[in-house]
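Listed next: structures, encoded as structure tokens.
Across the two complexes that follow, chain A remains constant while its partner is chain B and subsequently chain C.
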Partner chain A sequence: MNDILICKKDIGTFCSNLKEQFTVYGVKQKEEGFYVFDEIDEFSDPLKDYIPTILPPKKYLFPQQETLLRFDTQPLPDVKPVIESRKQVLFGVRPCDIHGISLLDKIFTADHDDKNYTRKREETVIIGMDCLEPCYEHALCASVGCLNVDDGYDIMMTDIGDYFYTSIKTSQGEEIVRKYSKYTGAGEEDRKRFLRLRNDREGKFENKIKTDISNLPLIFKNADNDPVWDELNDRCLGCGRCNIVCPTCYCFDVYDCMDLNMTSGERCREWDACTLKDFAVVSTGENFRSTRGQRLRHRFNRKFNYLMTRYNTSFCVGCGRCTRSCPVNIDVVETVNAVIKNNKTDDK
Partner chain B sequence: MINNDSIFLPEIAEVVSTRQLTEMEKYIELKLKETKEFNFNPGQFIQLSIFGIGEAPISISSSPFNKDTIGLCVRKAGDVTSAIHKLEAGSYIGIRGPLGNGFPIEEMKGKDLLFVAGGLGLAPLRSLINYVLERRDDFAKITILYGAKNPGEILFADELELWKKRKDIAIDITVDKPDDNWSSKSGVVTRLIPPLDMEPTNTYALVVGPPVMYKYVLLELQAKQISEDHIIMSLERRMKCGIGKCGHCQINGVYVCLDGPEFSYHTLKFLSEAI
Partner chain C sequence: MTKPRVAFFSFTSCEGCQLVVLTIEEQLLELVNLIDIVSFREAMSEKSEEYDIAFVEGSITRTSEIERIKKIRETAKVIIALGACATIGGVNCLKNQFEMDKVKDIVYGKMAGNYETIPARPIEAVIKVDYWIQGCPIDKDEFIEVTKAILLGKKPRIPDYPVCVECQMRENVCLFEKGMVCMGPVTRAGCKAICPTYNDGCVGCRGLIDDPNLSSHKNLLSEHGLTVDEAISQYMLFGGNSKEKYE
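After this line comes the complex of A and B, so read on.
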């Protein structure tokens, strides 16, 4: 389908119509300067200038807590998988968070398909909202190659004034636009305006990382003993906030919950955080990452080395939520640049 | 065998026998309800479920030639393993697996094998030893070294006696703290390595024990000039999924569940948090 225009005043109706078939989640202001993804009831005035939400929209694909199994232990164990999903629309997802979801797609389909995730993903329509201006000081999307997004969404909208210039990526996107939205075809003038706005944004987004990101895995690999980790060891509180707000953190804990009858119950999973003290403790008591510095080093390496090497793409999508949420102001850009400065190998 | 409907869905298995090996270790034998033949490689592990308590990764201790039942040697350490200790024949539990890869048996064929087991490390090695003894002609010289803390903690004592009687393998056992009835060697297992007569280029060392043991055993094996990629160790980690999702067992860029749990020293020496 060719690009289309959706008039801003028609967005509310579009979203209400979507509710016929989907649960619709969009961005709401929680309090001054803080935004959340939440179920949308009234959608008369869609937000456009929001900064990254407190939690990324991954919570609708990989909830903070979810049931994996339901079991009865009497008379004999009877176990059933629990895979919950619903038809849902995520409305207004920014490029950084679309990249985040695409990376989760890789993780949860690698080696073994995690149906608790993939079933939700299959039933999810993503309507993106492109960024034309840097959203806030913590963002580093352009630095990690996540400002532009070519895949991982169904529909992408760009604010060009009175209209959203709308590109349709998937057949599902086309179907819902045809079914639920008023629109007109985009003309040559609209397309030029769109391209000019897109073009103008180049240069507005600063490259904050002081090397090409493809160098980062090697730099981090050689930085195990960098003093930066000692310094962070003294500052980090080991609270796990940076993990919890990250669009690409997916580690989880699994535990059983018995019902009050003590014969039936559930097996659940819940977000876990590799910066928490007991994350790598084994039953004999050994902790393979016992210090906060080691755990934070592990977290940074996951974003810029371990997973980047395994999947050949940065696992930081540049939303800056970790920096914003850190109670002791540990800054992802400052940290990465400090590691680069101390460990940059001469170009050969 | 990871279920197609849900990677978290275990298959039900019946406990067919249990045997208290020591105060802390119990041997349980399991039979799967649906799967008739349980195929695995020595060194692989399973996730064992006690419904209502949780899941724990346990290495398989029985011979891979026994496809009817699965034998596990379980030390009472946490909630799940304590619950396993309360199981009796006729109980039902859940199993996911086999998980992980196991020892590189194909590469080991034709080579001298040196087994070094410390404490509970004998549990996964027993599976491999049973394999090797069954296929004795596929391997050259076989030496088994086993160290336990004290005589009361020696695992599979009856089986060790049988192995001692075999003329085609050498076996040496030591305890850290002997009691009055102990007439064999005492001291850490590491001490049994220097006197061995080895052909370093033709030897695979299979080493399983607590982290503290690895450091000292490695020194001795290197003194014997066994090449780094012929020293194979098995690692224990916290695991929640066993299939590379939950993140708990990650050591630098590797997942113990997906990439291990056995690794060569050549791989491990580059991983800063391995041991």
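After this line comes the complex of A and C, so read on.
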């Protein structure tokens, strides 16, 4: 389908029509300056200036807690998988979060299909909202190659004034636009305006990382003994917020919860966080990463070295949520740049 | 299988944690299928000196309580400290900052001579404790979790991470970002961050996590305008018994 225009005043109807078939999640202001993804009833003003939500929209694909199976021990042992999923639309997802979801797609299908994730993902329609201006000072999307997004969404909208310039990526996207939205075809003038705005944004997003990011895995590999980890060891509270707000953190803990009848129960999973003390404790009580500095170093390596090496892409998508949420101002850009400065190998 | 006999005991406390046990309502009915409650003065008149499991609320603040708790330890196979007074000493330890005679004078005035008091302490300071249910008051889900774990012979799933984890999972706006102060970063989770969720700073009623970064948290409090004394008093409200850790 060719690019189309959706008039801003028709967005509300589009959203309420979508509710015939989907649960629709969009961005709401929780408190002054703080946004969350939540179920939307009325789509009033199509928010355009929102900064990254407190939690990324991954919570609708990989929730904080979820049941994996229910079991019964009486009269005979019996286990039933539980996969909770429903048709849903994520409306207004920014490019950084679309990248985040695309990376989770890789992770949750890497060794085997994680059905609890993939089933939800199959039933999810993503309507993106492109960024023309940096949203806030913590964003580093352009620095990690996540400002431009060309996959991982069904529909992408760009604010070009009275209209959203809308590109359709998938047949599902096309189907819902045709079925639920008013639109007109985009003309040559509209397309020029769209391209000009896209072009204008290039200079606005600063590259904050002081090296080509492809150098980062090697730099981090050699930075295990960098003094920056000692400094962060003193400062980090070990509170786990950076993990919890991260669009690409996917670690979880699995536990069984018996019902009070003591015969049946469920197996659940819950988000875990590698900056927490117990994360790397094994059954003998040994803790492989017993200090906060070691744990934070591990977290940075996950984003810029281990997973980046395995998947050949940065696992930081540049949303800046970790920096914003850190109570003691540990800044992802400052930290990466400090590591680069201390461990710079010859640039290739 | 015979049901284990369970008793509840009160030491120096408001008995609010036992009241929480009574609020589990429909689950209480399921629970009494698994256990035999033989002493529980807040819920029943019967009493028994024979029990396997003892839930103990309150801290130790009189010499007579030392003898009493030791006797409970001799009888019970399993002892659970119930709530902040029993687990960490709680608000009762505020008095430990003063001379005991002065405390008695303030509370009892000219009747002070009729009373005996000692610095408040958690029950663990006197007897061996097997399980801890933190909080002021306790969280009822955690009470059920620990009870089930005891019956199953499993280790209960008690967080050793800060309140921030639960607070952030609930997508709360951090109180520090709103210019308030909070004990969340050093306090053991398990309360579902109930206070910050309702816009009130955590006061640390569940005690410190095992490895808190106290110096960084104190810096954070001072950056948010607290003097050293004010920061210490944040810790002292519930943590008077482990004062040496943060002074």
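In this text, the second predicted complex is superposed on the first by the 346 of 348 C-alpha atoms of A that agree within 3 Å, B and C clash if a C-alpha of one lies under 4 Å from a C-alpha of the other, contacts with A are read in each partner's own complex, and residues count from 1 in each chain.
We adopt the following convention: a residue touches a chain if its C-beta (ideal position, glycine included) is under 8 Å from a C-beta of that chain, and two chains touch if they have at least 3 such contacts.
Computed from a predicted structure; not experimentally measured.
Enquirer: Tell me the contact category for A:Asp212 with respect to chain B and chain C: first, second, both or neither.
Expert: neither
Enquirer: Quick one: is A:Glu188 in contact with chain B, with chain C, with both, or with neither? Answer first, second, both or neither.
Expert: Neither partner.
Enquirer: Of the partners chain B and chain C, which touch A:Val36 in the superposed model: first, second, both, neither?
Expert: Only chain C; A:Val36 stays clear of chain B.
Enquirer: Is A:Ile54 touching the first partner chain B, the second partner chain C, both, or neither of them?
Expert: Only chain C; A:Ile54 stays clear of chain B.
Enquirer: Mind working out whether A:Trp271 is in touch with chain B, chain C, both or neither, as first, second, both or neither?
Expert: A:Trp271: touches chain C, not chain B.
Enquirer: May I ask you to decide whether A:Leu69 touches chain B, chain C, both, or neither, giving the answer as first, second, both or neither?
Expert: First partner only.
Enquirer: Considering only the touch criterion stated at the top, classify A:Cys236 as touching first (chain B), second (chain C), both, or neither.
Expert: So A:Cys236 only meets chain C here.
Enquirer: Using the superposition on chain A described above, determine whether A:Val282 touches chain B (first), chain C (second), both, or neither.
Expert: A:Val282 sits against chain B, while chain C stays out of touch.
Enquirer: Considering only touches as defined above, state whether A:Met258 meets chain B (first), chain C (second), both or neither.
Expert: Once the two structures are laid over each other on A, A:Met258 reaches both partners.
Enquirer: Using the touch criterion from the header, give the chain among chain B and chain C with more contacted residues in chain A.
Expert: Of chain B and chain C, more residues of chain A lie in contact with B.
Enquirer: Same chain A residues contacting chain B and chain C, which ones?
Expert: Chain A residues touching both partners: 255, 258, 262.
Enquirer: Help me check something: in the complex, which residues belonging to chain A touch chain B?
Expert: 68-69, 71, 73, 76-77, 79, 81, 83, 107-108, 110-116, 224, 250-256, 258, 262, 265, 267, 269, 272, 274, 279-284, 286, 288-289, 294, 298, 301-302, 305-306, 309-310
Enquirer: Once bound in the complex, which stretches of chain A touch chain C?
Expert: For chain A paired with chain C, touching residues are 30-31, 34, 36, 54-55, 64, 234-241, 244-245, 255, 258, 260-262, 271, 273, 276-278, 292, 325, 327-328.
Enquirer: For the complex, give me every residue of chain C touching chain A.
Expert: My answer: residues 27, 30-31, 33-34, 144, 148, 151-152, 157, 160-162, 164-165, 168-169, 171-174, 176-178, 184-186, 209-211, 213, 215-217, 219-220.
Enquirer: Note which residues of chain B are touching chain A in the complex, please.
Expert: 2-3, 5-10, 12, 49, 51-56, 77-78, 81, 92-94, 210-211, 236-238, 240-241, 243-248, 250-253, 258, 272-274
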